[in-house]
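Provided herewith is a single structure, encoded as structure tokens, for subsequent inquiry.
Naming follows writing order (A, B, C and D), and every chain is counted from residue 1.
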């Protein structure tokens, strides 16, 4: 298939590469030209303009946030001129943007699919992303080969695109809340003389198997927050999406509120570029750990 | 080994049975005589008094809470008369009680082991509990055969008994926080037109594998909270232990605070005897779900 | 002075009237013409266009929110054509908007003053508003006669306009937090058999004198939330401004987070058009009050 | 009247003095003898034993907390021997203790009045306390002369003693919540370049008149937390009473939960002996204030 690919950040470039590897023709566009040059070296074609990328059979975008999508792609002139049949937005954006985008694309006769992904850039590089996709069934069917190239599994979440964004936002909210709970439990352990590693062994050996608790738990236990697999500042963005989605639908989310304040506190202390696991430091700082003489 | 077993509730009776199955001699004591009769039918001996149970080589207790342990077992006259060498307290109690109990037992020359367990009564009945044990190493070694009879795995958590209680409290805190996060995410999904089952499939198929998320998630998605595997009222007790342990060691636990209010709200609405998963109803009630016309 | 007045809502029309009463010449503009007609009846002139209003010596605006200010007044063409020397923005908007607006006005050689007010429309009608003003001193001096006409007291809060917005946001945050605390305390009282009116008498007779606690307290005690002096939905907007201002400056505000969830819950239950005091109902609903048989 | 007075702490000794000044005969008892000697110098009689103090016509107690009341006064032998007709408990204790104490006193034919007070020791020394009293009307009437000697105003809160404790707990909860809100608003102001003093002037000059906001606000603005008028550690005790009373009656109190974590954080940082206003430091610490270069 001929695919226009917009947005070659750390995630986007790996995903575009997977499309190339699977034999698709990929025309790439990116705000800064450097990433374009690299992808061209990998076999992609450079779009002369954003408009040119939207002339492909399908367009995949992987942009930073709502504002980037809005300013670059939700332009009536651009969409009116576009000859593509479908736009697959794989970024983590708000359900509200998805609703507006779907309506605006429909006006121009273009299908709109929301397909945010789970997995970091190394997972993307291995073609192992989990893809959360929603949109009209025939449209989803038409881009399934692209999903098959980029991911190991596609979850189909119905015909309304925003449902996919909600799923992604919900999953990230749950991830951050698990890390905050780990942080609080670890501070409790440390202040009471239980080694963080021992607590972690109990947790992962009983109720919480799997790599997430083991991975983040180890980072918290070892107080090792670099390199950042998932930047803390990005976690704040995602919790903001959850709170906004909750407000839009009038759903109180008190745990999300607590996460927001903890993430903000971490940012205030200069930890935004560390891994999300640095929430462990906020819990420790609040408890004034480590202490010269152990409390208990 | 000759074991005195104190406390034959739903958990205790299954644990005592496992000891019998493994060939230990078990002398049981319980406040109400009915459970004693049943265990005697299984091969146990009935203790004529609490004191008689404390004449066994080792004593295992599985009582409801701090108050029960305190009023029944932390009695200086009783302990002075006891000829047992070790008391293994397997209940979920506070680290503060463990500290006091250990000191008091030491005064009477009796070893004290904290060994709370993870798993419900069906898990206990299968001898598959996870046992979180802490105490002096030789003392732990001496009761390891009992642990082997009751559990599938023993986690050794150091020489200070209260460390085991902290591990148990931390694990339960994390469990309740996972359920609350699931509840909030599910309400967010429902209010935005994403089926709870679809969200759950994404979560368990990506970041949160294992039976806990799948099990509680299904109960929340299906709004099925009976029979209660883990009673909500018991969850409030456990969060109270976490908050108190935090206060004792001066460790703020904001997520635990949020859980407390949500559990209290559930109790106020008569849901204390339902499963912990009924936290899902609190999240839905707050969001006024279901709604005649879907918000979004 | 010749004043252009933009925004004739319930507050704006009363403020414009005070300017007329004080002898100023007032040229009014409003999105819907009805309010314009009324003010013309009071002696104002109708601006043929927004641009015409910006030809007056000073411009006062009283618009609904950031979005309204942004779309109507932060237009470079409009500002380039404007001959006014100063724009006094009296709405409750974000500090971030104030910063951008001040910079943009400066580019066009126009002074910018932030001067949000405290007081409802009846207070505005009596010329008794409290005005929180910030901006360059000579500019503030130049519009002080306008403040004197509209308010009983002007607080000068320095040269940086956004400081005035922060003061207003901080005051409203504190007001909502007082109402939520009253709501929780009242639910606690009711559930324990203490009459809400008795609690209120204690509070206002000891630590919390003044009309705010007495007024909101009486509404909560009597469960009387209409007519709305301060609409609950507006309270959510203001708490949103506080949380956003906190996030912008990386200041965690956990109480504001709790207020947000309580207000959202009230909105989900259809209470957005009631008075802020309806937070009392959220506290009662959470506690399942009233109860057939009193708990305690 | 002949009054037995139990508990001569900073508050109790001033209250006993007021009784002496009003011409009452006062027999005092205190755990440590020093305070007794001082009061005897003021005209009181020393009770040879606690029992002797309970032989007076009325007994007033002003002890530290539930535990002190329970261990000293809720003793069946002591109460059986007592010839007093009424016990007026003026300490800040739990409603649950009040319920039990009232029942136990009734068994021994002794009236029980709960009458916690508002005001610090300097207010007590001037006889200006506010007294929150509840109990059976004739019993209250009988001790009104004592209240008149110790306070400037008595609030009668019905026949059930615990109602008075709830009123006191509710008032203190509201006080701490006002201080926390002030702390958060002040941090927001500081991080945005608004002077704390300016914010305070706005607040006290508009919605929040009276000495409480002015007094605590000034301490926060000036970061002056000594001497402690109201110790922060005592604030945590009072919030604990509020949360426990809420739990007992199944009333969620999310703001109280937030206060608890903030107070614990302050304690972890060694601020327990400072004034409650030191909550301002927790808000600042979380926001990493002051900052070398101002955020915004």
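Convention: a contact is a pair of C-beta atoms (placed from the backbone, for glycine too) under 8 Å apart; a residue touches a chain by one contact, two chains touch by 3 or more.
Note that the coordinates shown come from a computational prediction; the quantities given were computed from them, not determined experimentally.
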| item | value |
| --- | --- |
| Interface residue overlap between copies chain B and chain D, same or different (over half shared) | same |
| Cα superposition angle of chain C on its copy chain D, in degrees to the nearest 5 | 180 |
| Chain pair with more C-beta contacts, A-B versus A-D | A-B |
| Farthest chain (mean CA position) relative to chain A | D |
| Chain centre separation (chain A, chain B; CA means) in Å | 36 |
| Centroid spacing, where centroids are CA-atom means, of chain A and chain D in whole angstrom | 51 |
| Of all residues in chain A, the ones touching two or more other chains | 246, 250-254, 257-258, 261-262, 265, 268, 286-288, 295 |
| Contact set on chain D toward chain A in their complex | 254, 261, 265, 268-270, 285-288, 295 |
| Chain D-touching residues of chain B, taken from the complex the two chains share | 240, 243, 246-247, 250-254, 257-258, 260-262, 264-265, 267-268 |
| In the complex with chain B, residue positions of chain A that touch it | 95, 99, 118, 130, 132, 153, 155, 157-158, 160, 162-163, 166-167, 169-171, 173-175, 177-178, 180-182, 184-189, 191-195, 198-199, 201-203, 205-210, 212, 242, 245-246, 248-258, 261-262, 283, 286-289, 295-296 |
